[in-house]
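Some structures are shown below for you to check.
You will see subunit A twice below: alongside subunit B first, and alongside subunit C after that.
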Partner chain A sequence: MNASTRSSLPLWPAIRPIAGPLLGLLLVLGLFWFLEPDAFLSARNLRTVSVQTVIVGLGAIGMTFVIASGGIDLSIGSVIALASVVAAAVAKAGYDPMLCAMAGVATGAVCGLVNGLVIARLGVIPFIATLGMMGVARGVAKWLASEQKIDAPAGWLENLMSKAEDYRILGLPQAVWLTLLLAILLGLVLRHTVLGSHTLAIGSNEDTARLCGVRVGRTKIWIYVLCGIFGGLAGVMTFGRLTVGDPTTAIGEELDVIAAVVIGGASLAGGEGRIAGSILGALLMAFLANGCNLTGVPNYVQEILIGVIIVAAVAVDRYRHRTMEA
Partner chain B sequence: MIPRSLLPLALLFGSLALTACGSGDAEGGSSEEAKYELAVIPKGTSHEFWKSVHSGARKAEMELPVSITWMGPSKEDDRIAQIEVVDNFISKGVDGIVISPLDDTALVPVLKEAKAEGIPVVVVDSGVNWDGYESFVATDNRQGGVVAARHLAELIGGEGKVMMMRYFEGSASTSKREIGFLDTIRDEFPKVEVVSGNQFGGATSDECYQTAENLLINHQEIDGIFCACEPTTFGMLRALQDSDRAGKVRFVGFDATDKLLEGLRAGEIDGLVLQDPFRMGELAVQRMVEHLEGKPVDKFVDTGVTVATQENVDTEAIRALWNVDFDKWLK
Partner chain C sequence: MRGVRKAFGPVQALAGVDLEVRPGEVHALIGENGAGKSTLMKVLSGAHRADAGSMQLDGSDYRPSGPLDARAHGVAMIYQELTLAPHLSVLENIWLGREKRGRFGRMDRKAMRPAVEAALERLEHPDIRPETLVSALSTGARQLVEVARALVGEAKVLVMDEPTSSLSRKDTERLFQVVQRLREDGVSVIYISHFLEEVEEIADRFTVLRDGETVGSGVIGEVEIERIIEMMVGRSLDEVFPQVPHEAGGVALRAQGLRGPRLLEDASFELRAGEIFGIAGLVGAGRTELLRVLQGLVPATGGRFEYLAAAKTPSGLLSEDRKEEGLAINLSLGENLTLGHAQPLLQGPWLSHARRRSLTQTWIDELAVRCAGPDQPIGDLSGGNQQKIAFARLLHAGVPVLLLDEPTRGVDVGSKVEIYRLMGKLAAQGKALLVVSSYLPELLGVCDRIAVMHRGVLGPARPVAECTEHGLLEEATRGVGEVLAATETAR
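Right after this comes the complex of A and B.
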């Protein structure tokens, strides 16, 4: 019946899978635009929120793969902290910012590799394996930093996250463009490559995937390495933002990242997930925090709202599934 | 089918709108002709210390042509979260920012940005490695540690073993107190030995409690303990009570809450170094308004420290430091 009217909308097939988070985001935008018409949708504020989305957004790109495969990575907050500390330590030793960035990303990749090996080869469930890494990476970060923050020159890494006019490209900070570019790239990887389809296949039904010839163990290792790489990159951006390597940063950040992915429509049961949705989820949370600040809403209201939104997003998603199956 | 399924989400945001409006009105300017709009950004919102600062800021708000928005970082000790709050208020275009920075370095770029956007900054309680602020209103923290060291050393008769539990990595104000304490013990009391002075309690009372338990197990033979802030003092007090050593070890802490004052009156704590957070909040907002009105302001304003003991805790002068009437100021 009205299916035909919907399919006649030209963009609907592309928008449909992310309609939930998109609508949620538009509601948040509309609401705060109404409450704070001058400041909220100003170019400056949009820039501010875009930078505030970078760290969670990068984490969410990697996490989407993990969650789509039916796994979880609780270590990403600690990995962000460890990577930021490593990057700062390398900078303090006097090396080039590019080398700092590579060291940070490599740190993340190693953490991810260990996660993947423990999960795929030792058969430890992801929740436990990454819970362990959460402690290990946090501890190593504090150890490396001698339980202090590391003051180091961030060089042009600082400029990546800067909103200053000199460092912007087309009005947005460089890190925002980098995040968008990687989101598009990894969105294509998830939809159109062997790694992506195997990820979704494992998430849908691991046994079936194995019977169909998917090398489940090896694919899982790659997925966690990928998530680690994005955690490492988020850590490098954290270093750029803070200009210090802080072993206590990003505590609880894994939950923000997971929330972004879940609001974005991924299922914790696996088999589903979209990078675009996850980025929208990250944007939604950043706009909500920003809007609450601008309107002077206390933080506890914001925490309650984000909690409600996560549950509502999943409930709506479940409802959609039931009605589609019926 | 699809639009209908999204209805709950719409309802949710409808209710959010109501919440937001309600809170916005309650928070907004109580002074009649608010000429200036200030953001006051503490390190956190749940410690009583910050509620006292908030109360002082409210007092200034009621007396001056200014309205304040009190907004802490969404996570108590998260530097990035605090940077984001500052960022958001720059976006909003407030007239001034009063902040207690969680980090002396990490907040510098965003505070510079505020200044570049023409928003003056007053720093309160904790310092920052940048001199672009208009005024720094704080306890002389090092002096707080010095006073504590002298008090504790006197209590144990100038000799013995003492221990100090630190707060968390990179907390500037508490580091200064800790250094002031250690320096004074070293320079003035050669017979006092510091058996542990490098362990960090953690950012929350809960983490401090656990660290304190571990420290007490490791150090059975100690005469005195110093903790340089409220969460560490509270964590240590609880751990002392649990291990049945409260009152048996001389214990000097920092700041005052009901629980700590109870401990002081019960003889479980032998001294609390008190700051004047109410005055900090009040003076910080006053200085900002003076600056906005074009008057010159002092670059550093010391709000002083006092040691409260079992004997003097309920005298009028000391009471004024810890008995801030939150109900009156914060409703």
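Right after this comes the complex of A and C.
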């Protein structure tokens, strides 16, 4: 595209960085709309997909910071399970749902803090540190729950994830709005705060950040705490949806979260990443899964497709970088 | 600074340095690559801590806990390697680490902008926009951003580590004006360079470092340049560039209108067997890209080149980046040496370690590599000895054409001399050597012919007898004024 066609699109500067995932999402939407015109874009189905996106979406918000800083958090799936178990245990003990939610989020924050400390203070690379936490958090979740599901009343947490008409705001479940709100907020944090700027600086060139006096270690700790908090929140939402604390939930979810962020245009080498892109990535995967179900495409085809999309997204991104450099 | 020492593992980078800088003077810190200049300045600016020795600033003890603390004391540094985060904007880079915050940790870009604009104005480059991403800027413009970073905020001592190594002549002159102004404001500038012409032009006094020690200091103009050079290298000039007689034979490599995907625009030349051919030019002129195209690491996008020597592997590249690319730093000498050419070690499907050891030992003896033995990790060796092994790898592979990118970067003077002698010997054996170097005296000292690369275009080759340092520099920098502000191409 040349400059004139670009300037004729008023929102182009805002859209350009997320043009890839947006285009991908539109393609998926178009394809299934064509195949299944009535069911796919029905209000009911959109609600279903939006709820299904909440958990991966929340995780992807936190993960965007981690990946933009050049790190990775493999523990988020286990953290989601642990947080859901903790929230359920607190609910079972008869406490207020607000307290359950806070306990779940705090659990995630603690896991993130440990990740951050191990990475920043012990110098263990993120892949290994969070791989360890992946095992530890999953094990602790099973231990706390005595390897069973904890059945507990979720109170209004259940309503957050409910698709029932009574609990919707403007047609969408409350949790969807909460996710969107947090996405916008954290998007601003990443682009317009010192923490966000330092996150990108560390991912872009860690040595430079250190030379310039950025407290690299401390910033990293914050980044992993943030990711943990979002993992915890996703866990609370999982509890709300299932009304049980399940220590075996969200197995492999970390890969979905990472995939969403990568499809959203973040570079695993760091320095790049956008919350909006990550959310689009999460939506893309949710719509793809949903569309495959509706059209009766078997599960394995869906897995193949997601795999291909991840690689294609990164390949296209690399290609774009090469042409930009030339 | 008194008796400052610093060691990295087995390498003693600083072995007792004294340095005294007065307020409002430009003090040149001179020395060869690897003399310890950069390390000394990293100690001064808080990036490294000294193992021993003391520092005083304005009469009181000065022990910076880190770069931020140093800056709080008024010590700012411009590093030789560009230290910018490419994904951030000019403004974000300039304020990195000490951003002005609004409420909730918001970046107060509005408050930071005037200082950035003022600094760029002071450098006479208001054309660089604060919000442009650094990745979209040219090398020269990036260097200016680096200078601007040091200007923002009050600096009492400003360290410039070879700030002109990638600047055009015009930008260099502008920078000198800025330095002059800073001096008039009472700022002490420590100016690191090995371009002595530059030093004569800008500095008041000088200190010479060699092998991590102070070997002399004085007032510019009172000491002859020749004397300073001898202090730098620790021997007379004839000894530095040993001449091994060699004679050019048939053409070994011919390139015609060669283009590369990035920086290389047009290169035509003939390289002969038994010849050392030098390529001068600025950083970013496309010299490295030329070598990479010739080695086949980067596809040519236009033109032709052919190796006329009959060999399965016609060429070998000595990378300018020894640590990242040139060597596998965790592997042993032997493994590095035979990397890529393991055929001679094969016994059936198996690699023979014994054979590798004996073969490596031969090269260690041949090139006088100082090491514990073939199994030592190469990262333990000094830069000079690492480079000898990198050379030995090309020789082991038996390539007729050697592409050498900054062959003496980060190498001590003693090893340099040995490498120069080796290059002469190789030419005498009929090898063809293509040498890229930013250090002009080196090219003038060892090459038979020299061509200058300027913005991707290789100029005509001239016999070394017709070249002067001044002339080459002139050719390398002519008309580079508008290199700047190549704003984001994709936008």
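A few points about this structure:
Here is the rule we use: the second predicted complex is superposed on the first by the 325 of 326 C-alpha atoms of A that agree within 3 Å, B and C clash if a C-alpha of one lies under 4 Å from a C-alpha of the other, contacts with A are read in each partner's own complex, and residues count from 1 in each chain.
Quick note on the criterion: a contact is a pair of C-beta atoms (placed from the backbone, for glycine too) under 8 Å apart; a residue touches a chain by one contact, two chains touch by 3 or more.
Treat the numbers as computed from the prediction; the structure is a model and nothing was measured.
In the superposition on chain A, contact of A:290 is made with subunit B only, not with subunit C. In the superposition on chain A, contact is made by A:242 with subunit B only, not with subunit C.
Looking at the shared chain after the overlay, A:204 reaches subunit C, while subunit B stays out of its contact range. Touch counts on subunit A: comparing subunit C and subunit B, the chain ahead is B.
Shared-chain residue A:23: touches subunit B; no touch with subunit C. With both structures placed on the common chain, the touch criterion links A:250 to subunit B but leaves subunit C unconnected.
Overlaid on A, the two complexes show subunit B and subunit C touching the same residues of subunit A, namely 6. By the touch criterion given at the top, residues 1-2, 5-6, 8-10, 12-13, 16-17, 19-21, 23-24, 27-28, 45, 69, 71-75, 77-80, 83-85, 87-93, 103, 105-106, 108-109, 113, 168-170, 200, 203 of subunit B touch subunit A in their complex. Every residue of subunit C that touches subunit A in the complex is listed here, in rising order: 47, 66-68, 71, 79, 83-88, 92, 96-99, 101, 104-107, 149, 261-262, 489-491.
On the side of subunit A, the complex with subunit B involves touching residues 2, 6, 16, 19-20, 23-24, 27-28, 31-32, 34-36, 38-39, 42, 44-45, 48, 51-52, 55, 142, 145, 147-149, 151, 158, 162-164, 238, 241-244, 246-252, 289-299, 301-303, 305, 308-309, 312-313, 315-316, 319-320, 323. Contact residues of subunit A toward subunit C in the complex are 3, 6, 192-198, 200-201, 203-205, 207-214, 271-272, 324-326.
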